[in-house]
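As written, the chains take the letters A, B, C and D, and residue 1 is the first residue of each chain.
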Amino acid sequence: MKTLIAQAAEPSLWSPEWLPLLPKRLVENLLEHFNAPGWLVSIGGIAAGAATVLAVFMTAFALLSLIERKTLARAQNRIGPNRAGPFGILQPVADGIKMLTKEDIVPAKAEKLLHLLAPILIVIPAIMALGVLPYGREWTPVPLELGLLFFFALGALTEVSVFIAGWASGSKFPMLGAMRAISQMVSYELPLVLSAIAVIMVSGTLSLPEIVAHQGGYHLGFLPAWHILTPWGLVGGLVFFIASIGEANRCPFDLPEGESEIVAGHMTEYSGFKYALFFMGEYLGLFAISGLGVTLFLGGWQAPFPGLGFVPSWIWFFAKLAAVIFLFLWIRATFPRLRMDQLMRFGWLALIPMSLLTIPAAGIWTLLHRAGHGLIAWVVTIALLVVPFVIMTVLFNRGLARSNRTYRFAES
Amino acid sequence: MTALLILSPLIMLAALGAVWKARPVHAGLLLALTLSLAGMLYIALGAEFLGLVQFMVYVGAVAVLIVFALLITRPRDEIEEIARRPKSVGPGLLCTLPLLATLLYTVDRTLPEAPPGTADLPVRRIGELLFTTHAPAVLAVAILLTAVMLGAALFAREPSKKP
Amino acid sequence: MNPLAVLLTLSSVLFALGLFAVLTRRNTILVLVGIELMLNAANLNFIGFWRYGPPDPQLTGPMFVLFGIAIAAAEAAVGLAIILMVFRHTRSTDLNASNSLHG
Amino acid sequence: MKPPTQNGPKPKSAKPGKWVVPGLGLLQGLAVTGKNMLQSFYKKERMTTVPYPEQRAPISPNYRNIPFLCYDDDPEAGLRCTACKICEKSCPPECIYIVMDRDENGKALKRPKVFDIDASVCMGCGLCAEVCPFDSIYMDGQFELATDDRFEGLQLHLHDLAKSAEYHLQLRPKEASEVLARRKADAEKKAAKAAAKAKADAEKKAKAEAEQTAKTEDPPKEEGGSE
């Protein structure tokens, strides 16, 4: 046992940078100590790494369900849940118990097996997506060479599981809700992928840790080289962020399961823990997609200022993640829900052209930088992005001026 | 190799289900399952890029599209399907079995001792190849896809009701 | 057990199942399912020969699979659009019902 | 008849010179909620809600729910209600039930023996409070009426209904003070009248006695002449 403690006393094991990897290395040390076979050690390590990621994001999910309600409350000048535990800390526990004790109703006409399978199929891709993101300089649970493509492949899986959830409930309304949700997710995945392509083109790789490494360094001493701070990155980041709201079915685009819409969309016939699984899937999907946004545009675990080497890198990732998710909540507290046709028109006529615009802008940006003319690159890309926006505003205003509203009065 | 032996029977079963299942939506979902298992097989064989593209394009788009079409047309003919099955199975088998026999025969006869082959698929290499040697093909496919998108949108659009 | 043999039998079985589906299914959309199966069997062949064949710097196998996937997606989209048009016209997706040329 | 399509008023944003930049409106919306979010932490008047059971927001004086009977000082004796049953007759859903108190030999005592109000029927219209001539029944502001028994629990009896005048004063300061002032004035007037009457009686009695004493002195003198 003593050698284990000596091993565990390695300075680097307890250093804050390696803290998230502590369980994984402890399990590996333990297995090696009991000289387990090689493959068992690696499996144990992977399991421990996965367990840490899961533990981190389960607590984050519990906290987010509380923080969301408190932030929405604060925006509406009220306090938000503060009954369960001090400041409402135990509210997620209360919700969890409520969900567990609720009776699990399966409608008669439902396909029993698929009805059970759907919530599982929604949570699995969300959790798998969390495994790919680079959280810290040393902490990337699964450093995939095709991390980004893996991410969008999982996005495709959620659509099939949403369909199964809607169709397996048997009745018409969940099916309609599912069709709406799928058409929204499909049409919002396009700008998501297109704006990510701009990032791939600039950083030249599909692997997420390398994209974050590419965003290291500081221009002019203090300006971090994040993609969001470049003109094409700003537009791409905004499009990515708005598309991720659509992809996660969050507030302005939460038509499928909005309260005033078709009951709860594809989740109508679920109750009890299956319903909680849907929520877990939605929140983990929210974490995953905003984590990807942080990695692609906000420079993952890169520190904002040069002098902050002592702070462990994963702190920056989670700080940025918290900021992005606060923005989600803020937007949820502010904007009304879009109608289905407005939602689709906005997706196709506004987001996709803007994301298509970022790709040539990013191309020109890299070429000019490679040719050494940094300043010209800024000017050209800004011009390339701002001019179409101005043109669109002019057309928008002229259209607005010309549009005479036609009123149809009810026949008396 | 072991992954191959696990996945192949699964794919065969899922494909059989997709073909034989009376209820159309079940067949569609089983098709999605076959496609995702095939994607996993590609990844097991070392072609991750193709496996993930298969997931994204086939499972994400084509399978969902097929199942959507099934939803819209909502066929309820699984009863006649079973009723008329004996009549259509005979000729169907009559055509496919000889084809299967010849395929398996050719597989068995022409198979040299397979060298280990390369197990990795460098994505950067694919990118270079796509835009150098196969550049015209990529442009052609791009034009084709846009044409298909517009065509499909025009086809499926409701005839606009004159106000 | 030669892995290439396993792959090729798998793809040929898939192809046969696809053809069987195309021949016996009455619902046009499920005929499309059969076509997708056949295309997938072809892709599988390419990957099998690329993986267990001689090393190929030109990566012709994967290239073919990429274009195959793109074409299959396009084909599925157009096929379904046509099916929807026919369905709107004849209110049924039964393959045998749409055998009249007029109207 | 084709519905008249009429060019509506030009949208404000479309007037020339006023540019509408798409996306600016969104930021203004975010600014509003952001301001709310920030100020709710340090500005008191931002917080409109009150943690209910611990603190209670004051209810407005003209809120009315279920009536109550007012008594001056003693719940039994000081009860203003004289069981005149006017409120019982005037109650639209007839949810008031009064039985007059009678002493042992059946003489009506001006007091209710039984005064029941069915809270589940009472719709809080306030007619009983308007018609009551004896300022006895008023509308209460008490809304926590939840009981676990849906029949007997909602029957409010005399002891539930009787509440002190101070409660009334605290519930509706302005109205209660007027009633009290009026009652005090009536009481004084009555007392004054009673006092005046008492004085008058006293005088009459005194006069009567005086005459009687005078009569007892006169009759022996004129006794012979008057027969």
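Heads up, the rule we're going with is that a residue touches a chain if its C-beta (ideal position, glycine included) is under 8 Å from a C-beta of that chain, and two chains touch if they have at least 3 such contacts.
Small disclaimer: the values here were computed from a predicted structure and weren't measured.
Overall, the chain located most centrally, as judged by its C-alpha mean against the mean of all protein C-alpha atoms, is A.
Relative to subunit B, the most remote chain by averaged C-alpha coordinates is D.
Inter-chain centre distance (subunit B to subunit D, centres taken as mean C-alpha positions): 80 Å.
If you average the Cα atoms of subunit C and of subunit D, the two centres end up 84 Å apart. If you average the CA atoms of subunit A and of subunit C, the two centres end up 34 Å from each other. Between subunit B and subunit C the centroid-to-centroid distance comes to 5 Å (mean Cα coordinates, whole Å). For subunit B, the set of residues touching two or more other chains reads 49, 53, 61, 68. For subunit D, no residue reaches two or more other chains under the stated contact definition.
The set of subunit A residues touching two or more other chains is empty. Taken chain by chain, the contacts run in an open path, each chain touching the next and the two ends left apart.
Every pair of chains that touch is listed here: A-B, A-D, B-C. Residues of subunit B touching subunit C in their complex: 1, 4-5, 8, 11-12, 15-16, 18-19, 24, 27-28, 31, 34-35, 38, 41-42, 45-47, 49-50, 53-54, 57-58, 61-62, 65-66, 68-70, 72-73, 75, 77, 80-81, 84-85, 88-89, 91-93, 95-97, 99-100, 103-104, 107-108, 111, 113-119, 121, 125-126, 129-130, 133-134, 137, 141, 144-145, 148-149, 151-152, 155-156.
Touching subunit D in their complex are the following residues of subunit A: 71, 74-79, 82, 330-331, 333-335, 392-393, 396-397, 400-401, 403-411. By the touch criterion given at the top, residues 114, 145-146, 149-150, 152-153, 155-157, 159-160, 163-164, 167, 175, 179, 182, 186, 189, 206 of subunit A touch subunit B in their complex. Every residue of subunit B that touches subunit A in the complex is listed here, in rising order: 25, 29, 32, 36, 39, 48-49, 52-53, 55-56, 59-61, 63-64, 67-68, 71, 123.
Note for the complex: subunit C touches subunit B at residues 1-10, 12-21, 23-27, 29-30, 32-34, 36-37, 40, 43-44, 47-48, 50-59, 62-63, 65-67, 69-74, 76-78, 80-85, 87, 93-94.
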